[in-house]
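Take a look at the following structure, please.
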Amino acid sequence: MGTLETMKDIFDNPNKIIEEWKKDGRKVVGHRCMYVPEEIIHAAGMLPYPTFGTPEPIKKADSYFQPCACEFVRNLFDLALDKKFGFLDSMVLCNTCDAVRHLYNMWDTYVDSVPCYMVNNPQKMYDESGFKFYRMELEKFKKLMEDLSGNKITDESLKKSIELYDETRKLLKELNDLRKRDIPAISGSEFLVTSMASMLMPKEKANPLLRKLIDEVKNREIKNADGPRILLTGSIIDNPTLIELVEDMGGVVAVDDLCTSAKYFWYTTKPNNDPMDAIVRFNLERTLCACAHPSEDRYDYLQELIREFNVDGIIYFNIKYCHPFVYESAIFRKKLEEEVPTLTLEVDHSLSGLGQLKTRVQAFIEML
Amino acid sequence: MLTAGIDAGSLSTKVVILNQDKIMAYEVLATGIDIGAATKRAMDNVLEKAGISLQDVESIGSTGVGKKKVPYKSVQGTEVVCDTKGALYFYPKSNGVIDIGGENCRAIKFDAEGNIVDFALNDKCASGTGIFLDAMAKALRVKPEEMGELSLQSTEDIEVTSMCSVFAESEVVSMIHRKVPKNNILRGIHKSIASRVVGLANRILLEGNVIIIGGIAKNIGLVTTLNELMNSELTVPEKPEVVGALGAALLARERKE
Amino acid sequence: MITAGVDVGSLTGKTVILKDNEILAWNIIPTGPDSSETAKEVFDMTLKQAGLTMEDIEYIVSTGYGRVVVPFSNKNITEITCHAKGANWFFPSVRLILDMGGQDCKGIRCDDTGKVTNFAMNDKCAAGAGRSMEIMSGLLDTPLAEMGGLSLDIKNRLAPLSSTCVVFARTEVLGYLHEGTHKNDVLAGACEALADRVYTLLKRVGIEGDFVISGGIAKNIGVVKRIEQKVGLKANICFEPQIVGALGAAVFGRGILEKKTAKKK
Amino acid sequence: MATKVTTPGKKNLQTTLEIGKAIRAYYEGVKEAKSAGKPVIWSYGLVPREIFHAADAPVLYLEHLPLMIGAKQLSGRYIQLAEEEGFSRDVCAFHRCFLGCAVAKDRDPYLEKLFVSPDLIIASNLPCMSESKSFLYAADHHNCPYYFLDAPINTWGKDIPDYAIEYFAGQLQGAIDSMEEHGFKVDMDKLKESINLTKKMMGLWNEIDNCRKTVPTPMSTVDGITAAYPLIQLPGTQLGVTLFERLLEELKEKVEKKQGVIEDEKLRLMWFGVPPFYNMGLFNYVEKYGAVVVKSMVEYIAGGAFDPSKMDPKKPLESLAYKALVDIVNPTYPNMVDFIVKAVEEFKIDGLIGVVKRSCGLLPGYMRLVKDAVYKDKGIPTSIFDLDGLDIREYDDVTSKANLDSFVESLLASKRRQ
């Protein structure tokens, strides 16, 4: 089985990873959004598990939430109510958007099988006083992880974890760079599956697989790559269907600034002999999340992606009621459209109404 | 003691004549543009069916969105109160009632003595159940009454995911174009409505013996799907669409005594 | 050179046959449950009308909601791109096009060759923009064709329908009717609300240059007048606004053929 | 725009009329300052106002503007303007309305009397995402500098840790520095003095609340929303204190004379969620049943967890930071839900009405939490239904009144049985 198929297999059934990891009693900690440092969880000998959703309609969650909350978060809560996250020993959230805050309130009240904790993080980047605040929160979080795992987190174990995770980020970035060429080595949907599988897998397993994959695809050329090159951004996409839709319509998804891809590996940790300080700066010396400030930074970052991957068009896939990106796409629209045509689309996380979406994407691609 | 109950809904108007403990006659017709005229027409038909005249009726109760426009002096009650009285009339032991009407659905919970404990209304985005079903019947070229049975002969469980009836309509239209078998689409439609109703019932933790009323309750497909999704015991009275009007009649009689 | 365009919308199926840049024949029929059936039906009708057979047509482009299921088309292009090309064929100076089909409402900007430069479509909540007229026609039992005219003959005061959600607009209309508001005033309210929605969409795309309205809505004088008044531009409407998409498709067919023959030389 | 059948709220207190005058006078002052060439600040509801009063800076509050033009049924037009700029209907109606006002070219005369363009915008992410992002568009449109105050959410409950207070106090200091860069002079002594005044006002507000807890209640939400204005806009000012002193006097008088808002008060209701500013008459509608809406969530600032002893004039920024972070509206839930449960008991509430604004970011996760907590603790029912308090285009009078009828009737029935 080629490495791409292995990645797809892991993406399709993450439970295999869980069973293997929990075989000898090791613990798994679920987390959502980027300000929960996976390195701390890993240094305590536990598996950080990024909780992704499933493209199913909402069943139970709508009795708790009003339906005007983001469907991705309602889907996560639905899965939690269905005990689909029962294997987690703890769920850790952080301070990003309104919906994630609601998830903490709801999970803490109505899901008793898995305890929930919230790491408080500043939303203003590059601010020394913010580093101090976040450091205090991470010290408390580190203590919590030590109590949960029963293992002590030392500077050495933390440094090793940081190195391990940085290695995964470097490899994913190297793989992503293979898409800069005129004919990318890997398609958008294949890359998303690989990136998400690498996020799900223990990094000890992911890194060798990624190295093998890079060799395999180094001089591979994907089929029908003559269409316009598209940058995908917007709310979290945890299912390749939307990307496949763009590719079927003749678009080449050259780069995707998503929580499940570029945002995860775009930066690596700067060398620092205090590992906790390294983690603080890794998270707070960049503006990747649309909830954070200064948002002009995100605009420059998108410009960088447009140049490096010579992008012809941008598509914003905004999940309905996803306020951070609904504001960003409206605020950036005029400036972005001076350089590159931009299409903003409203999508459902449960992937309903794909028919209308196809028409809009195909028209956009015909326009480029 | 003869009493009349009028349920002036925005889509259909229902009138009931109650004689002691028996429903003597009932009438259901489309409200159309003029509520007053529709109520009068329905009243005349039901009086004729019962073989009595307006003077014989001692008191009249009215409910529904058009209760203020009913052209008779009547005791006015809210839908929540009338649905409860109507349901308890048939089933004194029940714990709650779900009213699936043309525009909205309502879930009501009451205690052993029949006092209303809690009730929940569907979100605006999930309204239009009845209209949605009619539109789907037209799009699928199927008679509305047959939709229920057809949905039970489905071969595969497909999802109509959107909650809003307008999106669901466009979703179904695209399924028709993709030549998805009619019965499977109907199954998807009924499951999506049933899960919305279950969501409503869960909001007030409604369990036990629940009465399903309202025009849509006659749809066997929907009630069967509800039975699958809800772990409570569901019963559909014989004439589910007039239970509200019956409740209004009972209200009027109570006030008279 | 003979080419054809087939536009299978969610409400109507349309075909146009083009011979050396002249419309040879065209037809519109309501869409049945099976859109590939509808496409075949309307295409055969038009062939007969033009006295041609399938082989005479050198290139067929399909467009519209059911464009992918048209079995006999050589290429499928979206209705946005086709409406721009079609509008440009009728009015070469056009820069702004409004097309409202059964499902969606589209604001399109194009250059002097009819190539799309920007477009915007209604958001999900206003998805029923096109369908709202159909629903209003049912509610007020007034045929679609007459609604526009009646909406301009206001009896006492326009009954404003404010919500963009079609389901909610229904309850508002029923509320007005039950209070005895005159049908024309409610129709005026419905057309005004639709014109508002369209104006918001066109503002997003930028209102400039000559303006064309295509698709079924162009036949509703009530909506067209109100849009013109809000946008401040005269709307150019061709003799049959519903075939603009199919015509654009046929014009694209011609362009593709010309490029093919030029490459062969 | 939509001319729907709406009725203004019937106020029954003399002081609230005076407070209404004070609001108009305040905005005239801002208008005059602008035309006299003085710099004007745009800021938001929950940014501590004391730092502006300490610099005598004229400030336009960007939640208050939509509320005032909403009350005049003008909100629909400006919300549509924001949608034309590309803002989706899924984001907060307040912020769409404010953005519409910010970009409007021909403003209604009523709005023209209030509106001034900004010289500096001071915003924060308290309590939701709209607060944290919508001002960026306005700043860009008016190319006006801005300062962003990062307020951490309250994951600690009643007592806020020092490092959080220190962080937000630092942010406040940043705002003060930014004001001084743009032509404002912040007088620190005045700021220290304002802490005392705020403490006094909070004390007065609690006493006013105690009057409202008596049966029958002398003041309903219709007056309450206007009376809460000083809490939102004039904390730390002498005017705020005097207005509250006068209000307390009037209420005490009414309590002694047992003068309620309505004669035979049968039902005491509480409102959770954004009230219908364009149809405040809806609150008076339930009075025909002998029901009065005693209190609404909008009239609480800082709320129950607020401990006045922590307000220390010597450390003004820390005190203001504490007051902002412990506010019931600062997510996450313990503060808000515990507080509502306590308020239901203290105000002797019979039923809670929860309204959902479809485009809200803050409340869709709270309705069920509040409903279950209040029912579990006191057995008090909550009725939840759709009502967008600001976007008049979505208002349906018949359904809203039918929902209120159903709820009030079921409350009266259960009260008759007890």
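Per-chain numbering from 1; labels A, B, C and D assigned in written order.
Please note the rule applied: a residue touches a chain if its C-beta (ideal position, glycine included) is under 8 Å from a C-beta of that chain, and two chains touch if they have at least 3 such contacts.
This structure is a prediction, so every number in the text was calculated from the model and none was measured.
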Hey, which pair has more contacts between C-betas, B-D or A-D? A-D
Identity of the chain that, by mean CA position, is farthest from subunit C: D
If you average the Cα atoms of subunit A and of subunit C to get two centres, how far apart are those centres in Å? 40
Chain-centre distance (mean CA atoms) for subunit A and subunit D, in whole Å, is 36
Rounded to the nearest Å, the gap between Cα centres of subunit A and subunit B is 45
Residues of subunit C touching at least two other chains: 65, 103, 123-125, 127, 165, 168, 171
Taking each residue of subunit D in turn, which ones touch at least two of the other chains? 86, 88, 356, 358, 368, 394, 398-399
Residue numbers in subunit A touching 2 or more other chains? 63, 66-68, 320, 346, 353, 355-356
Would you pull the subunit C residues touching subunit B in the complex into a rising list? 10, 33-35, 65-66, 69, 103, 124-125, 127-128, 131, 165-168, 170-171, 174, 177-178, 180
Which positions of subunit A touch subunit B when the two form their complex? 56-60, 62-63, 66-68, 348, 350-356
Interface residues, subunit B side, partner subunit A - complex: 123, 125-126, 159-163, 167, 170-171, 174, 177, 192, 195, 199-200, 202-203
Could you please specify the touching residues of subunit D with respect to subunit A in the complex? 85-88, 90-92, 125, 128-130, 132-134, 136-137, 140, 148, 150, 152-153, 155, 161, 163-164, 166-167, 170-171, 331-333, 356, 358-369, 372
Going by the contact rule at the top, pick out the subunit C residues touching subunit D in the complex. 123, 125, 160, 162-165, 168, 171-172, 175, 196, 199-200, 203-204
